[in-house]
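In the two complexes below, chain A is the common chain; its partner is chain B in one and chain C in the other.
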Partner chain A sequence: MKNYVGRDIPDYLLINGKEVYQGKNYMDGKYIQKASPRTRRYEKPQESKIVETLADALRLCGAKSGMTFSFHHHLRDGDFVVNMVMKAAIEELGLDNLTIAATSLGAAHDPVAEYITEGKVVGIQTSGIRGKIGEVVSAGKLKTPAIVRSHGGRPRAIEGGEVHIDIAFVAAPTSDCVGNCRGIGGKSNCGSLGYAMTDAKYADHVVVVTDCLVDFPNMPASVEAIDVDAVVVVDSIGNPKKIASAAARISQNPRDLMMAENVAKVIAATPYFKEGFSFQTGVGGPSLAANLFLEKYMDERGIKMGWAIGGICGPMVEMLKKGKVGKVIDVQDFDLDAVNSINQTPNHFEMSASQYANPANKGAFVNKLDFVVLAALEIDTGFNVNVLTGSDGVLRGAPGGHPDTAAGSKCCIIVTPLIRGRMATVCEHVVTVTTPGDCVDVLVTDYGIAVNPLRPDLIECLDNAGIPHVSIESLKEKAYSLVGRPDDLQWEDKVVAILEARDGTILDVVRKIKPFTLE
Partner chain B sequence: MVIQKPAVAGTVESSDALVSVEPGDGKIELTLTSSVMNQYGRQIRDTVLETLERLDVKSVKINIVDKGALDCTLKARVECAVFRSSDASEKDIPWGGVIR
Partner chain C sequence: MIPRPKPERFRLRRTMIFMSAQKPGLIKDAYIYGVDSIMLDLEDAVAENQKDAARFSLYHALKTIDYGDTEVIVRINGLDTPHWQEDIRVCVAGGADGIRIAKCESAQDVKTVEAAVEAAEKEFGVEVGRTLLMAALESPKGILNAYEICAASDRMFGVAISGGDFRKCMQTKPTPDGIDMVVARGQMLIAARAAGVQCFDTVFTNLDDMAGYEAEVRQNKAMGFDGKSLINPKQIRLVHEIFAPTEKEILQAEKIVRAYREQSAAGVGVFTVDGKMIDIAFIPGAERTLKLARACGLWEGDLV
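Up next, the complex of A and B:
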């Protein structure tokens, strides 16, 4: 069945009430029955919940084959915990038929690819999939299709019981002996623990894995001891160098800067750019550089930013410290400046993924967002964006909060160069739709700006401000005139991944790619 | 043109291609790897074969490692490798002739 963005979704996936994507806000006003976990009572006072090994913790939580384990990705490419847990479960306890429900998976988790190939891991649910896991899933080695959800879609699915977490593993930079966790104060600091919060509340069992045991009580706790069954102390939960980069630097690339300046011009031309406006930006070259130019317009007009959300990095913390932004609410930290600032700098707060972006709660932060500036691997003439699959059809990306912020914000700006190498970024049809075009408002490229025809109000704003813009079709033609028209990818029928829209409907599927031959 | 000895041109930098040629067995033998194989493999092959035809090369083993080069880059790298293989790269380049 064709969905709202023209993607053909196989009928056999449309069972148990699953629907195809019907456009944004389709689920508005409907009710959700929240799931509740079955948790163990610890009535008798315990001095400590520390157990010797991960295997002990797994046994304590009644780990069995067929279970779903959850993980957060705050340790990013430095994470050791997913691999440690899976190794203990599969190689020490001999479990199989396992599902991993992670907030993101990347190159740090390459060893899991082997467990997929061996059939020990049979399900993957994630908001990002890269590295070898992406390759083996794309090759059709995972027993069930991977399910990819946005950062807001994931807590929706957990709260609604679509994902039932048997054991949540919380990698914690610090914990006390009963499981109060924080993302700071240890040797592998990651700052916010926002992606772990919903998991801890909805999992049957919760195991904290830390490499820095601190005195009770570890306050203010991001994950609280009242939800924790066991604490395991290990030598190291991750490689600090890969957890948080040194300060994110603003790009010096003139092409990035030109695009960033145009992003700021567009923002300043809209009616939402006024005292107290709200903002989120990615950390890619041109997105981050937009901060710099935006500040100039804020100074000119004598206005301040009310609040900023998102993955946070140094330049935003800098603006907070200078008093140019009122509050920063933080679900994830990208660099050491942000890690060292959360809960330390006044008005720099932590939030959960649900509070950030969940479309099924009573109003996430993204719903109050004025502007979001995002990147794209590809964007097509319907303004649909792909941030998941490469030009070879292989899974190597992460929707993350892209679809949530695009849908919630009043003005979503995509900034991307027109071509990357021989890849046309602006194209006829994206490989996979990860953010639907009805949520995307403006495209800024190095060859021109295009506004979604669904937003005549923004077109008028740009015209009034004298900002030139062109049709997205003409940008696509320009790209193809430079790189040539690409051949269509050749797919097999087998679905290797299902891409859920943030509301739980099916936005797209990724099929197994046919091996390429020149003949 | 006749390929007299092995020669290379280009790099494996992004947006470039490394082209290697060596004397052939009376036919054109092309091996191609590309970072954009699925979408542009056929176009790259056609561009390379057209360039060889324009240079009147009928016997060559040619290997391309493409990193997303545009057509103009591919043509220039193939031409350069072919001229180097016959020691014609420093003089006698037919500018405005087969090199357009």
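Up next, the complex of A and C:
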């Protein structure tokens, strides 16, 4: 069945009330029955919840074959915890038929690919899928289709019981002996633990894995002892060098700077750019550099930013400290400046992924967002964005908060170079729709700006400000004139991944790629 | 193949950015930054053993990339090298708008290049006279001969001083107030104006010193330069901002041109606008202000 963005969704996936994507806000006003976990009572006072090994913790939590384990990705490419846990479960306890429900998976988790190939891991649910895991899933090695959800879609699915977490693992830079966890104070600091919060509340069992045991009580705790079954102390939960970069530097690349300046120009031309406006940006070259130019316009108009959300890094913390932004609330910290600031700098707060972006709760931050600036691997003439699959059709990306912020914000700006190497970024049809075009408002490229025809109000704003813009079709033609029009990818029928829209409907599927052969 | 319109000898040239012809990633779309002219470099930015490779990438860039309204000039190697003749053949065959003669010291240098350009135009079936010329003055001798250089050919549209080499010859270093080059800049400007060609200032190489850069651009404007050579796209905007006429200047120019047309129709030669005496001598300046304002996107009238 074709959905709102023209993607053909196989009927066999539309069972148990699953629907295809019907456009944004389709689920508005409907009711959700929240799931509740079955948790163990710890009535008798305990001195400590520390157990010797991960295997002990798994046994304590009644780990069995067929279970779903959850993880969060604050340790990013430096994470050791997913691999340690899966190794203990599969190689020490001999479990199989396992499902991994992670907030993101990347190159750090390459060893999991082997478990997929061996059939020990049969399900993957994630907001990001990269590295070898992406390759084996694309090659059809995972027994069930991977389910890819946005950062807001994931807590929605957990709270609504679509994902039932048997054991949640919290990688904690610091914990006390009963499991009060914080993202700072140890040797693997990551700042916010926002993505772990919903998991801890909705999982049947919660295991904290830390490499820095601190005195009780570890306050203010991001994950609280009231939800934790066991604490495991290991030598190291991650490689600090890969957890957070020293400082996110603003790009000096003239192309990035030019695009960033145009992003700021567009923002300053809209009616939402006024005292107290709200903002989110990514850490990619032009997205991050937009901060710099935005600050200039804020100074010119004498206005301040009310609040900023997102993954946060140094430049935004800097603005907070200078008093240019009122509050910063984040689910994740990208560099040490941000890590060292959260809960330390006044008005720099932590929030859960649900509070950040869940479309089914009653007040996610994204819904109050004025502007979001996002990157894209591809964007098509329907303004649909792909941030998941490469031009070869292989899973190598992450929707993350992209679809959530795009849908929630008043003005969603995509900033991307027109071409990358020999690839056209602006194209006829994206390989996979990860953010639907009805949520995307403006495209800024190095070759020009295009506004979604669904937003005549923004077109008028740009015209009034004398900002030139062109049709997205002309940008696509320009891209193809430079690098040529690619042949269509060749797929097999088998669906290897299901891409859920943030509201739980099916936005797109990724099929197994046909091996390329020369005719 | 992208046919380019016949180059205009006199056009807006506020900014002229150097790009190594050896770097396809740079030259493939250098026009996106909104610069007036691109200077594709075959000279100093290209290593001695890569000259041929750079010519190939230059030729294919000229033949396949649509640079639109952006002027495309090529800096060729000096006349004391074995490269310049082949450089000229490539420029003409590819259809470059103009050629910058490096280390130009005399009218004869211009004529030598002109002859080679004409021969290449005939060789490749390009309209004779299409390819424009400009000269880079890089030595004291070049500065002393500025007028004869400027006036050496109808193809000449302008001269530029090259600060690095010139300062080396003069045994000076860049100074914050530009005193080290004030005489050379002045002499070149006078020569260019006397010969009726444009005049461009040298590059500012410290990309981190934006304050020093701004001071130099302001001085360039005050001295009467038409534009400036640049090394990085981030330098473009400031020149365009500083060289743009102010709102007050545009209004004043409009008034002067309007008043002149009315008064001269009524047979009056000298009159006053806002208490200032105006006669025909003020008109070219006012008209130039309006043309520049239009080019900068600041004025949409039809007086000029």
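One rule holds for everything that comes next: the second predicted complex is superposed on the first by the 519 of 519 C-alpha atoms of A that agree within 3 Å, B and C clash if a C-alpha of one lies under 4 Å from a C-alpha of the other, contacts with A are read in each partner's own complex, and residues count from 1 in each chain.
The rule is simple: contacts are C-beta pairs under 8 Å (C-beta built on N, C-alpha and C of every residue); 3 or more make two chains touch, one makes a residue touch a chain.
For clarity, every value in this text was computed on a predicted model and none was experimentally measured.
The superposition on chain A brings chain B alongside chain C with room for both.
Touch criterion met: A:Met423 reaches chain B, while chain C stays clear of it.
When both complexes are overlaid on chain A, the residue A:Gly17 reaches neither chain B nor chain C.
Touch criterion met: A:Tyr447 reaches chain C, while chain B stays clear of it. When the two structures are aligned on the shared chain, A:Pro45 is found in touch with neither chain B nor chain C.
In the superposition on chain A, A:Gly302 contacts neither chain B nor chain C. Of the two partners chain B and chain C, more residues of chain A are touched by B. Contacts of A:Gly29 after superposition: neither chain B nor chain C is touched.
The superposition of the two structures on chain A yields an angle of 50 degrees at the Cα centre of chain A, opening toward chain B and chain C, reported in steps of 10. Once you line the two complexes up on chain A, you'll see the smallest CA to CA distance from chain B to chain C is 7 Å. Once the two complexes are overlaid on chain A, the chain A residues touched by chain B in the first and by chain C in the second are 482.
Taken in their complex, chain B has these residues touching chain A: 14-15, 32, 35-43, 45, 67-71. Touching chain B in their complex are the following residues of chain A: 391-393, 420-423, 482-484, 486-487, 489-490, 513, 516, 518.
Contact residues of chain A toward chain C in the complex are 254-255, 257-258, 446-447, 466, 482. For chain C in complex with chain A, the touching residues are 28-29, 32-33, 232-234, 297.
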